[in-house]
Every structure is written in structure tokens, then in C-alpha cells.
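First chain A sits with chain B, and in the next complex the same chain sits with chain C.
Let's look at the complex of A and B:
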């Protein structure tokens, strides 16, 4: 049981700067999901915590102890790899016992722990098998088992579900979450899949190009994205971003063919250019009296709901997510109204959320 | 779906395999059967008369102290050569596997000796070990070893072993390195997290995973030490001094082509042939059918 502190961590591979100063505090027992597109440095951050890479600058603490110069084995961590990294020549039992034997644990204690973990993971009948005789989901469980027998301070997960098919992925996601909660062990989980991130995380750390874009509870990132990057990364389909400006009084967002009232007027910022963000699911049909009209293009019917690809006047594309039962006809005109509290304003130059920017300036 | 190519013409498949079969017949089956036949004959040195003597040639061989000496020399030589090649090949591969920068140069330099012709390799070592002008002999004399492989049989054997090993390490190195690099890196990292140090990782993870390669190399290297070391021995010691470096394959040559005892020489070839067949069977049974991991 331990908290993990990452402060000012930078990592360079030759001339390539992979991490440009990352700070995050992970509380004891918390599940932090590091989310980001490929190449953003999320796996590097995890490997730095594991000790498989060394930091260029900054400090990493696990349980209050600086671990910068410690070997992976001395950091009290366990890791699940993307390809599971099971030892192919060892039986499941030996795979799980290997780490304990290396640490010189007594035989009966090893046996107790391995059998207990196997029971929890439903692997009791497979202890005598070799990894190649197991299915993908079972291998995944063995990799988990190898971690939990160690009873480490921190679990590290490097995209462990990406090799599984969709159904199994959903199931393993739930299992990992339940297990981590039950053991109350600190967890760091790297993924590029926002659904995994949203469902697994206590908090999400969204990374972009070696920097932290935002850290927060999943619903915080969804409701109050700090930047346009976060806004478009979280949520599917992605948030609509419309370029425009505030009117002179700061009460409405305006652009050609579009005028939307803001929930709270911003008189001091009247006239400034802004980017307006509206999630497709925050737009709902308004019977003819809506705030703006939409020419319906393609319609994707997903069953429970449907995604309408439309254009507002002026050719700006706009996505709307509607209940599956609502009837939409292609090439028709659709009137939609945004939920008033679901409008996001961003600075078009910095991409920062505007109320965020205000609090920053005040601080 | 059945994956099978069917030739339209009946003769075409035979035509396609014909060159290979012809080569096998001319260069393998024919000489081999000739050897088998000759091993049952006795012929005078001028090739004027030959008579059928059954297994007498074999009987005489196994009662010949010189032949038994040669068997013993061969076993000693092959064991030393095979063990050293595997040991150094593995050692160098394990070291090269850890190198990240400049691996290409390192690898290229380590492979070079393999490109050297065996006789040239032998002569190279012969110069270095030359009791009068050789650099190694000089160094050895400096530390109090009186080196003269022209007189000392043990020293001569050591010299041909060194030359044979040096030449073939590259081959083992290549295979070991390829096997090691095909082990997923995450396995090694997982073992590191699991608390295994470098030596333990090598012993419990890497070595078991390259075991099939090691076994294959052992068989191939044994065959090398039995047969392909002939040019080295011929160039360096010619089997001497006093037959101290006369391994079986060299004795075949000497008895057959120099002493012109064709019957005995053929019988020795047949015995060597049986050894090769045995090694090949072992290789096919245990190496080729070996289960692949993952």
C-alpha cells in the first residue's frame, strides 16, 4: 500500500524529448489511468515508475521513498505487460511463483499465495498448464495472478486489454477494477481507449505530446475539459468545435448563421473571438423553434441512438446524437437546441477553456 | 481448404526434382555405395588385384591400437572443440545482446572469422604459434611455457583445437544471438521486476528458451568438429607429431590416399558415415520435432 508521487519528471531518448515535465500525485489505493494517443509518452511514464527506464530529470517516490536509483525489483511494484510476458516454458503455477521464489519466500507460503490467487482469478484448474495451452483471457488472468501473489505496493498495467477481443475486454475490465478495489492496491493503468479509462479510473491523467493535458475524475474531464484537446479526446463522437466570437454584450455566441445565448453573460469579454464546444449528445431536437437549423447529411443508426452528420449555415460540420426512435430524414432540415449548461468556451489561440483561463489569471 | 499444388503435366514434377536427385546420386549415393563395397575388399597398393574379404577390414580396425588411439583423439578433440565453440558463442552472444549502440559493428567483427577459409585460419594460427617467430609462442615462453608443437603432441592438439574453435565461434554466436533476440524484451523485464538479477534471468528464462537452438548447434558443431576440421589439421600439423592430432577423418585420408590401404580406409569411411547418420537422426528426432513456444 503506497502513494506514488511523480514530480517534474522529464525523459529524453537522445535528442527526442518524450516527457516534458510531468507532475502527478497518486493517492494510496487509487486507480489512475494514463490516457493518450500513441506516442504521447504514456507508456514511458509507466516504465519510469516501474524502473525499466531512468528519468532524465525529476523525482519519483513510491510510498514516500525516492526510487529514482532503485532497480525494478526493489521498487515493490508489479506490472502486467501488453503481451502478458508470461514465461512460456513454465507452468502457470511456476509463472506465479517465480517472483516469490526469487525473493526466497518459504515454500508453503508461496503455495498458499499462489493457490489463493488462482482461486480468486478462477485459475485453480489450470495451474499445471503451460501458457500456450490457455486462451487469451486466461493468459491475462495469469499475468494478473503473477502480480497479486507478490502483494506489491503498486500495480502497473501497460495496455493489458488491447490484445483481447471486444467482449472479453469488457469482462476483464470489470474484473481488473473489482480486483484492484478489493485489494485496495494503488494502480496505474495505461491505455489509449477512452472507454477503458472512463470505466476503470478514479482519476484520469490525459497526456498529449509529453505533457499533462488534464488530471481529474473521469466525469470532470467529460464535463469540464480544460483544453480543446481534452474536449475532443474524451467523448464519442467527439465534441463539436465551432469558431466564432462573442457579441458586444458578451451574452451570445455568434457566427454566420448562428447565434446562441450563453448561460452566463461575459460583458467584459464582449467581441472576443472564441471556440464554442458542444457535445453531440447535448444537442436535442426543437420542434421548429430551435436555436439553429441544420441540414441533415449522413445518418448513422446505432440502435439505441443515432448520429446525424449535419451542416449549419456556412458549411460548418456539426454532429448531433439523437435517440434511436427519433425520425430523421436525410437532406431535411433539423432544428436543434443545445442544453444551456453544456456549452464550452475555449480560447481559439491557446485552446484553453475560457473560465479556466480566468481562474488562472486570478491565481 | 486443401492447400496443394497440382501439376498439369505428369512429367513436370519429376523434371523439377531431377537435378537434385541427380546431384544426390552422383555425389552422394554413388560414392557412398562404392565406399560400402570397397570396405569389404582388400586391394594391393598398385590396384592390380582385389579380393572379397567380408568384414575383415572392420575386424582389423577394431583390433588396431592406432585406430583406437585415433578414436580417443577424435573424442577428446571433438568434445573440446564443441564445448568451447558453444561456450564462447553463447558468451559473446549474451554480451552482444546487452549492447545497444554499435551492435552492427560488434556483430560484423564477430562474424568475420567465419568467412576465413579453414586452411587459411589454420596457417594463421600456425604462424602465431610458431616456436621460433610466433607471437603466442613468444608470450608463452615469457611466462615459462616451452612451446613446441612440432615435438609436443599435447601442444599440437591444443593448437588445432584453438584454430578450429576460433573459426567456428562466429557460427554459434550468430545462432545464439538470433535466438536471444527473438525472446520478447518484456519477458526479461518481467523477470527483472520479479526480482531476478542478470545471471538468474539468464539461467531461468533465457537459457531454457534458447535450449532448442543450443541442441541444434551442438549437433551441427559436433559434425563440424568430426569432419570440417580436416583442412585445419592438414594445414597445421598433418596429423602429427606422432599421430597426436590424427582424428578419424584425417586417418581416412592418410590411410587411403597416402598409404593406399583402400579397404581399411573405406571401412573407416563407413564407420564415419554411420556416425553422421546417427547424429542426423538425433537432430531430426529431437530438434525438428521440438515444440515451438507460443
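Let's look at the complex of A and C:
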């Protein structure tokens, strides 16, 4: 039970700057998912919290206590590794009990905790097995069990689901979330999979090249991405980005052969170049009177829905996500209309979101 | 894929049988010779089948020593060899485990220099450094002691290298998990690294035991008294008797006895040994 505070944390490996100043407050009992492409520094941040690496600059607090110079074992954390890192020569029971024994806990207390965790995780029948006699999902559970028995202040998860097959991953995702909520333990979960991030997180921290791109509730990142990076990272298929400019009154987005009315006019931004973002799922077919027409290229039919790879006039590629039942013919022309409140405007140079003036004034 | 034909099968079996015969025939002769009376060899011909003096010959060498040769009874020699071989094998394993652990898991100045220094000593087997080693051992009053027999042979670059390579294959996450679980370096070594190295240790033990058992040159130099004679030296001495023919049946009985401990070690450790050679257990 503890909050985690990361302030101004930097990490350099020799000349390589991996983290360039990260600030985040994780509330007690919250599940924070650190999301990002590989090499963005997300695992490094987790390892810094765990104490497996030392910070170059900045401060990490767990439960109000500065832990910069503490060994991992003294930080009151437990970690689930990507490849589980179970001790291959120990039985499941001993794997879970090892950390407790090292802390000199009484035998019957260890026994009680291990049996209790095994019951929660459905491992009661496997306590006498060695890790190699277990399936991937069971090993995953043992790794979780090793954390639970410790009753730590913070759970750290380093891409724990990436070695599982798709069905099991979905199941374990749910189990981890339920368990973390039930134990009300603060959790930090690193992943590169946005579905995991969206489903597990109370808040997501999206990282890019050692910096925090955006922190927020999953649906905030989806609905109001702060940058084009966030916009294209969250959501699948990725958001369409179209380069253009606003007309003089700021009421319409203009581009060669394309003109889209904005839900609220932005007179102050009139005439400036902008990047327009539209999610493929925010475009719906309009019978001949749509805002723009596109030539249908490839169609990927996924069952419940289908993804249309098209080109608008001017050759700009555009993805549209349509209900599976809608009939689309390749090489045909498709008219689509964007949902009015689903247009995102970004500065083409900085990639930052251009907010509605009302909200900006309020802020 | 090699084609299977009757002719090839025959050839393969014949080759294997010839190979086995080449290896086992001398062993058989040794055994046969150890079961005859000394007179059986005077005509210069070897009998092919065992004779009737098995018990007498072995009793003689084990408890009274070989006839016509002074020196320790064979039992003492066997014990000396056994102590030396065990001490060398265990010592080499302990030392190389610890040095490999230091090299792989700790960052200290000149770490790689240390590793390469150890590695370079591979080029300096006992025979090369035998005179200075003798000088040192003599100055330290180690002549005619077990310490003197064992100590100069106890460091092993090969074993250090093997353990280093093995430790490098142990996933880093395991080390980190142990750190989080509150295991200090030596606890990690004892609780996790050592059990994982079990198979490698067993395999090395067999190899090193035989290496120790078969030492000849160094024991020959370092020991002078009969009480410290090892079995390999002893056999040589029995053959070189002055002014008479060696008592071949008894010499052969000693040779057969000298074969047994390594055989026992190999058989006992066989399962682990083979496992260590062929698989790297995850």
C-alpha cells in the first residue's frame, strides 16, 4: 500500500541517454501502465523503480520514502519478469517461499501465505511441481504468486504477458487486473501492447524516446491525444493524419480537393497550416453526399468490421473502419463523412494538439 | 542420408566390433595374467583364459605387497591415490566455481585481465612449470605430504572457463529475481547457481578425478617415502625390480585394482556425466 513518486528521473548508460527527465505520481492502489515502442525507455523506468538500476539524476519515492540508494529487497516491491524468472530447480512451493525465507519469516506464516496465494491463483495442485512441468500460463501464475506472498507495497510487471499465446494473454490480462484490484496494491505494468494498456490501466503513461508523451486515463489518450505520436500510437488501425490548413475564418479544414467543416469554428487560428487527425472508426459511409470521396484500394475483412485502405483526391492514403456487414467493392468510390466531434487538430511543426479556444482559455 | 543396405550394416557392425576388441583386449589380458601363477609366463607365451590363482594373487598384493619388491602395500598406494584424486577434483571444482562466479557476477577493476590471466595458464601444464613448482614446494616443506601432491595441481583454467561459460547462459532475470527476493551474492551462489551447475559439476568431477588419479610425473618428484607412493607410481616401480624378473601376475593384479576406482566413479556418475555432456538443462 503505497504511492510512488518519480520526479525528474534521468538515466544514462554511458553516452546513451535513455530517460530524459520523467515525472509521474502513482496513487496508492492505482494501476499505471507504461506504454511505448521498444527502446523508448519504459523497461528502464520500471527497473529504476525496482532498484535493479540506479538513477543518474532525479528521485524515486515509494510510500513517501526516498529509495534511490536502497537495494531492491529493501524497497518493498515485487516484480514479475517477462520470462517469469522462476528458479528452475525449485518446486513451485519453494519458488514462492524463497523470498519469505530470506526475510526470516516464521515457517507456519510462510506456509499460510503460500497456500493462500496458491489457492487464489488456482495453483494448489501444482505446489510440488518444478517449473518445467508447468504450462506457460501456470508459470505466469507462479511468478505472480511469488509477488503476492510478499504482500509488497508495489507490484512491478515487465511485459509479463508477451510470452503467452493470444487466448491465454487475454485471460491472464483479466486475472492480473482482478487480482490487483482485489489486493488494492499499487501496480506498474510495462507493455508495448496498446490493448493490454487500455484494458489494464487506471492511467497510461505513454513514453517516446525517454520522455513522457502523455499521462492520462486510457480513454483520455484515445479521445484527446496530446500529440500526433500519441494519436497514432493509440488506436488500431492508426489515426489518419492529413496535412492542410484552416480557411480564413477558421471554420473549415482545407486541402486540395478536400474541405471539412469543423464542429466549432476557430477564428483565431484562421489560415494557419494544421494536421488533421481522424480515426478510421470515426468515418462512416454517406450515400453520395459525404464530405469526401475516396477510391477503395484494399479491403481487410475482419468479421465484425472491415478496414478499407483508400486514397482521397490528391493521393493521400486514408483508412476507414466500417461495420462488417457494409458492402464495399474494391476500386469503387466510397463517400464517407467524419463524426463531427471526432476531428483532432495538431500543429504540423511541433506535433502538439491545438485545443479548442474555450478549453484553452479556461486553462 | 546414408542408404541402409545389408552390406553397410555388416561393415558398420564389423567396425564397431573391431573397435571394441582393440580397446578391451589389453584389459582382458591384464585380467587373465593376474589370475595365473608366475611360472605360467616363463615360456614367453600368454594364456588366453583365466587361471586358478585369482584369490591368491589378489590377496597377496592387497595385504602383503608384491613379492620381491620393498615398499608400501597396495592398499596404502590405493588410498594415497584416492585421497589425491578426490582432493584435486574437489579442490579444482571449488576454486574454479568461485573464480568463475567472481568473474561473471562482479564488476571489479582488471576483471577481464584476471580472466585472461587464468585463461593463459592453460598454456602452462604441470610438465612445463615442473622445476619452479618443485622448488617452491620444497621450500614450503611440502615434499612427501598430501598438500604437496595436491596443491600445485589444484587450480584449473579449463574448469573456470567451463563454469564461466555456463554462468553466462544463466538468464540475468534469475539474478535479478534473487536480488528482489532478498538473496545476497553468496546466498544466490549457494541457493541458485550451485544447484543449477549440478550437472556440470558432476561431469567435471569425473574428468578431474581421472586426471588426478592418473598423475604420474608430479607424484614421482614430490614423494620419496614409501608411505606416500601413489598407485600409478607403484606399478612402474614393481616392473623395475632389480636382478630378477617382475612377478607379472601380481603386477597385473595391481594394475587391475588401479583400474577399479576410476571405473566406479564413471559408473556412479555416468547418468549425470552424459547429461552434462549432451544437454544444457534450462
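We adopt the following convention: the second predicted complex is superposed on the first by the 355 of 363 C-alpha atoms of A that agree within 3 Å, B and C clash if a C-alpha of one lies under 4 Å from a C-alpha of the other, contacts with A are read in each partner's own complex, and residues count from 1 in each chain.
Note that in this section a residue touches a chain if its C-beta (ideal position, glycine included) is under 8 Å from a C-beta of that chain, and two chains touch if they have at least 3 such contacts.
Predicted model only: the values in this text are computed from it and were never measured.
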Combined model on chain A where chain B meets chain C, clash or fit: clash
First, second, both or neither for A:309, with chain B first and chain C second: neither
Chain B versus chain C as contact partner of A:50, first or second or both or neither: both
Touched partner set for A:85, first chain B, second chain C, both or neither: both
Residues on chain A lying within both footprints (that of chain B and that of chain C): 50, 52, 71-73, 77-79, 81-83, 85, 87-89, 98-99, 102-103, 132, 146
Parts of chain A lying in touch with chain B, wherever the complex brings them together: 50-52, 71-73, 77-79, 81-83, 85, 87-89, 98-99, 102-103, 131-132, 146, 150
In the complex with chain A, residue positions of chain C that touch it: 171, 173-174, 176-183, 187, 191-192, 195-196, 198, 281-282
Contact set on chain A toward chain C in their complex: 50, 52, 71-73, 77-79, 81-89, 98-99, 102-103, 132, 146
Chain A contact footprint on chain B (complex, rising order): 184, 186-187, 189-196, 200, 204-205, 208-209, 293-294
